[in-house]
Structures are given as structure tokens and as C-alpha cells.
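What follows is a pair of complexes built around chain A, which joins chain B in one and chain C in the other.
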Partner chain A sequence: MNLFLSQISAIVWKDFVTELKTRELLSAMFIFALLVILIFIFSVNLSVVKANEVGPGILWVAFLFSGTIGLNRSFMLEKENGCLMGLILVPADRTAIYFGKLISNFVFLSIMELFILPLFMIFFNIDLLAHLLPLLLVIFLGTLGFCALGTLLSSLASNLKTREIMLPILLYPLLVPIVIGVVRMTGQVLAGEPLSEMMNWIGLTASFDIIYIGVSIMTIDHILEE
Partner chain B sequence: MVDNHNPSDSAIEVRDLRKEFGVLKAVDGISFDLKRGEFLSVFGPNGAGKTTLIKILAGLTRPSFGTARVAGYEVEEGKSEMRREIGVISHSTALYADLTPMENLIFLGKMYGLERPKESALMVLEDVGLAPRRNDRVRTFSRGMLQRLSIARAILHDPSILFLDEPFTGLDIHASNVLKEQLQALHNKKRTILMTTHDISCGLEMCDKVALQVMGRFAFFEDVEEVSKENFETMYFDAVRNNQFTMGIRNS
Partner chain C sequence: MSSDEIEENEEEGNILVWLTGLVFLAAMIAIFIYVPTEKTEGVVQRIMYFHIPCAWLSFFAFFVVFICSILFLWKKDREWDIYSHASAEIGVIFCSLVLITGPIWAKPIWGAWWVWDARLTSTLILWLIYVSYLMLRAQSDAGSMRARYAAVLGIVGFLDIPLIHFSVLWWRAFHPQPKVITSEGIGKGMDPTMLATLGISLCAFTLLYFLLMGVRVRQEKLKDEIDRLKREKIYSS
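And then the complex of A and B:
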């Protein structure tokens, strides 16, 4: 068990050191998310529509689309110079590789989201601070599900020549339940509703998170095999 | 859990190994034994299935038929335990270009569960003569340095068996000689080595056993003392010519 955890932390450490040196991933994700929000802010007339109603959709489009850039990059890094082969040759449980990459993707996306939230608050003139804790819970659930499924599918797509195209094609349809859940919950949180009012959505999203992690654990061994 | 470890004199035991990709037989009924500490050089033209053979033995791909035992473990069943016993140098370096050699090796050391990954990393970097460049990014390294670093990566966890897939490709004479010395040193330390190469003189000079793989089969497998370089060269170039002819027929 100790080796399993230290292997996961080694993968996370390696991804962080790489990102600290290159600063490619976070900057690309942040700029993309920022551009999405800027484009929407100029296309939506906030004097006609309520920010609370359109904001959640825009926020999650920014998170998920920029997150896809991160996922694509995540296993591309492993494919360069055959590093994934080197990783597979290590006597590590393949689920350790999966969880290492999942945690890295989750943390990078969460950092980007933390930078985007204040800008979203300013541009859409929404007081997020009043609903910060429920909002963070919703973002946690959405980001976890996205990264759980995205990490699995990016490892699958990394073996394809058309991986940049295939990942969104595979990922987005399967993400629909989670996206519906988190967009609805974000809207309710911004409207000031308590979490107790949205237990069905929380249950649905958390269930899909668990299902996607479970499916990943069961299939990652076969996916990482050549 | 079933213990499938069967220690024996043989480091590698291969029986009727086959790997098919559709109609293409990359490995076609190979059988051989390699004792602990022996060095086998496998020659063969491009497309003969040498890399596939190494991939099967390293547990990177499943055979279509046949069995292979490496370090006493069934390749398919004992993968995790077996992987502790092997080091692989392939066409690609398996190194993270934006990390330094130290960072690459410390990462791998942690993955292998080494007690002192930093010390082990420094030790193997000294062995391959890259300690002075330990804090430079791998991206800045020449082909020869990358190949030496690949050796460091492969021997970091002190494996008893090494698989080398054309390690001399792309090296200049100096880098080639340095690599040869390092492989000789590993052989002297009684590590079992299976190397594929096109460099006949170098391959024959270092090995104990020699094989010629053609169209997925071992056309020749002998102790190196039984082989004269001239005869082997003739045989090798005949095989290359025949292989090109056959490939031409296949393509037409």
C-alpha cells in the first residue's frame, strides 16, 4: 500500500516539476478559459438576461473546454520519447499510474478554476463570495468527474494518431450527465438556494464520479497495454 | 496469489513463441534458452521481428502463442515481479525531456520503490559518466548522452536481465565505444543481456551467443565460438537480401 501511494505521489511530483519548468499547461488552460469568458461577456447583453441564468453555462464551458487542453497534454507528455512505455515497465500497479495522472489533472484544473472564478465574478458582476462553499463543492464534484473520465479517455486516445480530435468526441457525450448536474447546481447556488434543495443533483453527479472512477480502475490495465 | 516463480539456471526460456499482427507473423515459432550471465546478440534485417521479440519478453505485448519465462517468471502472469528483474533500452529513450537526469532517475527510483532514490540516481549517473551534467535538462543532451542516460535508467534498480533494442543506432564512433565499454562492464557483472543490433563486429565481439532472426524465425542460434565473422557476415547479408526480395514480393 505504501509503495502504491508513493508511486502515485511520484507521478504527481513529476508532473508538477515539469509544469513548474515549462509553465505550458496552466498558462494555456487559463488563457483559453479567459478567452471563452471574454467572448461570452461581449455576446450576452446582461441588461436583458440575468447573469445568474447564463453565467453557470458559460463558466462550465470555460472550465471543460480548457480542461480538455490539459487532458490532451497530460498523456501527450507521457507519449513523448516513449515515457509511457518506461512507466509501464515499472513494477507499478496500473491504477497507480491512473490515480497519479488523475490527481495531477485535477489539481491543475482546480488551480486554473481558482484563477478564473474571481474574473468571472468581476465580468458578470456576481457575488460569488456569498455562496463560496456550496459553489466550491459543486466545482469539486464537476471537476472530479471530468478528470476521472478524462484521464481514462486521454490514456485511451493517446495511442491514436487523431488523439486531439478523438478525446472530445469520446469525452463530451459521456460527460453530459455530469455537465447537466453541475450547471443546474451552479445556477441554484448562484440564486442563493441551499445545498439541501439540490440533493438529487449532488447524488447524481457524485454517482457518476464514482462510476467513472470505478470503470477506470477496472479498465486501465487493458487500456495501457499495447 | 499463485507464486509462479520458478528459479532455474536459465534467465530466459522461450518456447515456440509467436506473435501475429493479422496475416503478418512478426515472431514465428522462436525457442531458445539463455543462462544467467550470458550475452545474446540477435541480428536480423529490418522487419525481422527483433523489436517484437524484446517487447514480448519485457511484457509490453502479449504473444499470440507459446510461452516465455524471464528471470523464472512467466512473462504474462508474473509481470510485476518480473519487471523488477529487467531493464529495457529501446529505440525511444523513455526520458522526460524537460526534467534533468537526476529528476528523471529520482522519479523512476520512487516508482521502483528504492529506499534511497537520490543516492541510487547519483551512483548510476557516475557509472555512465553523466554526473557532471546531472542538473541539465535532458532536452539539451546529444544522442550519445541520451543513450548513456538510457542505460542509467535501465540499470537504476539493479536488474539481473537487460534487453537492448539496437542501442548503437545513431551513435558516432566515440559514443559507440563508450556504450560498448559500459555494456562490457555490465556483462562482467554477470548481468544477462539480450541485444538486437545491426553492428556485426560489435555484436559478435561482446556476446556469448549469437542469433540471426529472419522473417520472425531464428535462422541461426549458436555459441559465438562456433561462428566465424566472415561466414556470419555472408549469412547475414544473404538474409538481408532475401528479406528485401520477400518484402518486395509481399508489397507487389
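And then the complex of A and C:
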């Protein structure tokens, strides 16, 4: 178990060092998410629609779109110099590669989200601080589900000829339950209602997270096989 | 595959063709002559005898994809890959038919081609998932990689169905409540003649599924055979 954890942390560490050296990913994700929010603000008339109603949807579209950039990078980077082959040749369990990638994707996306949230608060004039804790729980569940399935599909798509195109096409239809769930829950939280009324949605997103982490553990061996 | 085997398969195929044809004929007679016109909805309601069997067939086909994908990852046998490929293609075709017949039925009854109802939405998402499955197959070269990736997506996609179902159900629902299988028992909510017609129609479509599967699987196997012979020819000359 200890060995497994150190293998995972080695992969996460490697991703972080690469990111610290290049500083490519986080800034790109942040700016892209900002642009998505901006475009949506132009496309809906905020003087007519209530910010509380459209806000959650726009926020999550921004998270998912910029998250897709991160997912695309995560395995492509390995592909470029044949590093993926190196990773596979390491005498480690393939699930360690999956978990390492999952954690680094999750952490990158979470950092980006933490930067976006204050801007969202200012642009939409919504007070997030009043219900920060339930909001963070919703964001955690949603981001975890997105990364669980996204990491699996990104490892799969990285070997295709048209990988940047195929990843969103494969990923988005499967993400529908989690998108509906988190947007609903975020709306509930921002309206100041307690999250305990939405236990069914919490259960749904949590089971999405668990199912896809489980499926990924079972199938990752078949994907990372050359 | 030897030539004897192919002949044998063709004979079986012929019986299936005739059987499917006969049941379809019976279903047509039942739909257009035997069954009375529904009181409130009128003649357009007859589209139900296509709409529901198509939906059943596509769900069944996707279930077969799921089972064959698991079996492929387990046994690593090309046979299962062929089955899931063929089944996914048939499923997508009939899912498209569901999405086409649905609006035709909905326009006169609901007054709109499309409403964002739970079952419509989930069928559309299902269609998107399996179209992306077929795109994945088209994107990768033939071989073990394509088969493995497709199998993973076949499993992931099918496991998503219950989650999608509940999420869009809680999102909103308009569709007529289930009539054939209700809490009071099977077939209580519907006239017996309508139920019989629907039954025949379901039978006909299920037979059609197996017929199409047979044809598609044979085609795919012959393709493999041609590839093998080509390679043999190249290396021997």
C-alpha cells in the first residue's frame, strides 16, 4: 500500500514540477475559463435574466470547457516524447498511473476554480462567502466526477489520430448527469437554500464519482497496454 | 470460416428472413387493419407500434454492446468485438428512428415537435453516446487497440444510462406514464387488441434485430477473411 501511494505521489510530483517549469497549463485554463464566462455574459442579457438563475450554468460551462483543456494536455504531454511508454514500463500498477493523473488533473482544475470563483462573484454580483462550504462541497463532487471519467477517456483519446476533437465528443454526452446535478445544486446553494433538500442529487453525483473511479480501475489496464 | 459453414449460415439466415418477413406482414395487418383507432389521439397513435418497438430494439442492442464489451475485455476474442460493433450500429439506426418517429407523434398530440421531456432527452443523449462510440471505431485503425477502446466505451456508456435516466427525470418529465407495465400489473392500462398488436410488432422488430445482426456479423467476418487472404498473397509472392 505504501509503495502504491509513493508511486502515485511520484507521478503527481512529476506533473507539478513540469507545470512549475513551463507554467503553460494553469494560466491557459484560467484565461480560457474567463473568456467563456465573458462570452456568456455577452450572450445573455443580465438586466433581464436574474444572475442567480444563469450564473451556475455559466460557471460550470466555464469549468468544464477549461477542464477539457487540462485533460487534453495531461496525456498528450506524455505522448509527445514517448513518456507514456516510459510510464507503462515502470514496474508499477497501471492504476497508479491512473490515480496519479486523476489527482494532478483534479488539483490543477481545483486551483483554477479557486481563482475563477472570486471573479464570478464580482461579475455576477453574487455573494458566495455566505454559503461557501456547501458550494465547495458541490464543486468538489462535480470536479471529481469530471476528472474521474475525463482522465480515463483522455488516456484513451491520446492514442487516437484526432485526439483533441475526440475527447470532448466522447466525454460530454457521458457527463450529462453530473452537469445537470451540479448546476442544480449550485443554483440551490446560491439561492441560499440548504443543500440537505437535494440529497438525491448529492447521491447521484457521488455515485457517478464512485462508479467511474471503479470502472476506471477495472479498465485502465486495457487502455494503457501497448 | 470454411465454405460449408458459410452455406449453413446462409440456410439459417434464409429461414430467419422468411420468419421475419411473415411476422412483419402480420404486424402490418394488425397495425393497419386489426387494431381499432385510438379514441382521443386518432390515427396518428398508430405510430406507437413502430415507436415503442424501435425504442425497445435500440435499448436491447445497446445492452448487447455492453455484454459483448465485457466479454471482449475478458476473453480478448475478436468475435465479441464484431458482435458489439454490429449491435452498436443497429442500435444507433433504431435510436435515430425513435428520435424521428417521436416528433411525428408529438406534433399533433403535444403541439410541439420537441419538448425537453425526460425520456426524449435521455434518448437523445443515448444516441449521442453511441454515435461517439461509432466515431471512436472509425477514428482508430483496425486491430486490438480499436477493439479494446471501443469495449471500454461500450461499458462506460451503458453504465451511464441509469444515471442519465434519473438525472433527466428529476430535471423534468412530460411523457405519458408507462402504460404497458404499470404498478397494477402487466398490460392493465391498455386495450387487449392494442396490446396484442404491440406484442406482434415487438416480436417483428426483435426478429429484425437478429436478422440484421446475422448479416452484419457475416459481412465483418468476410472482411477479416479478405484481409487475411490479401496478406497471405502479399507475403507469398
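Keep in mind that, in the parts below, the second predicted complex is superposed on the first by the 226 of 226 C-alpha atoms of A that agree within 3 Å, B and C clash if a C-alpha of one lies under 4 Å from a C-alpha of the other, contacts with A are read in each partner's own complex, and residues count from 1 in each chain.
Please note the rule applied: contacts are C-beta pairs under 8 Å (C-beta built on N, C-alpha and C of every residue); 3 or more make two chains touch, one makes a residue touch a chain.
Note that the coordinates shown come from a computational prediction; the quantities given were computed from them, not determined experimentally.
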Examine A:156 and indicate which partner it touches, taking first as chain B and second as chain C; both and neither are also allowed.
second
A:219 in the overlay: touching chain B, chain C, both, or neither? Say first, second, both or neither.
second
Touching partner for A:174 - first (chain B), second (chain C), both, neither:
second
Looking at the overlay, what does A:114 touch: chain B (first), chain C (second), both, or neither?
neither
What is the contact status of A:10 with respect to chain B (first) and chain C (second): first, second, both, or neither?
first
Touch test for A:166: chain B only (first), chain C only (second), both, or neither?
second
Output check: A:208 vs chain B and chain C. Expected answer is one of first, second, both, neither. What do you get?
second
What is the shared patch of chain A, the residues that chain B and chain C both contact?
225
Interfacial residue positions of chain B with respect to chain A in the complex:
55, 58-62, 79-81, 83-84, 86, 88, 90-99, 103, 107-108, 110-113, 137, 153
So in the complex, the part of chain C that touches chain A is made up of which residues?
73, 125, 128-129, 132, 135-136, 139-140, 145, 148-149, 151-153, 155-157, 159-160, 163-164, 166-168, 170-171
Contacting residues of chain A [partner chain B, same complex]:
3, 6-7, 9-11, 13-14, 17-18, 21-22, 77, 80-83, 85-93, 225-226
Which stretch or stretches of chain A touch chain C in the complex?
149, 152-153, 156, 159-162, 166, 169-170, 172-174, 176-178, 180-181, 184, 200-201, 204, 207-208, 211-212, 215, 219, 222-223, 225
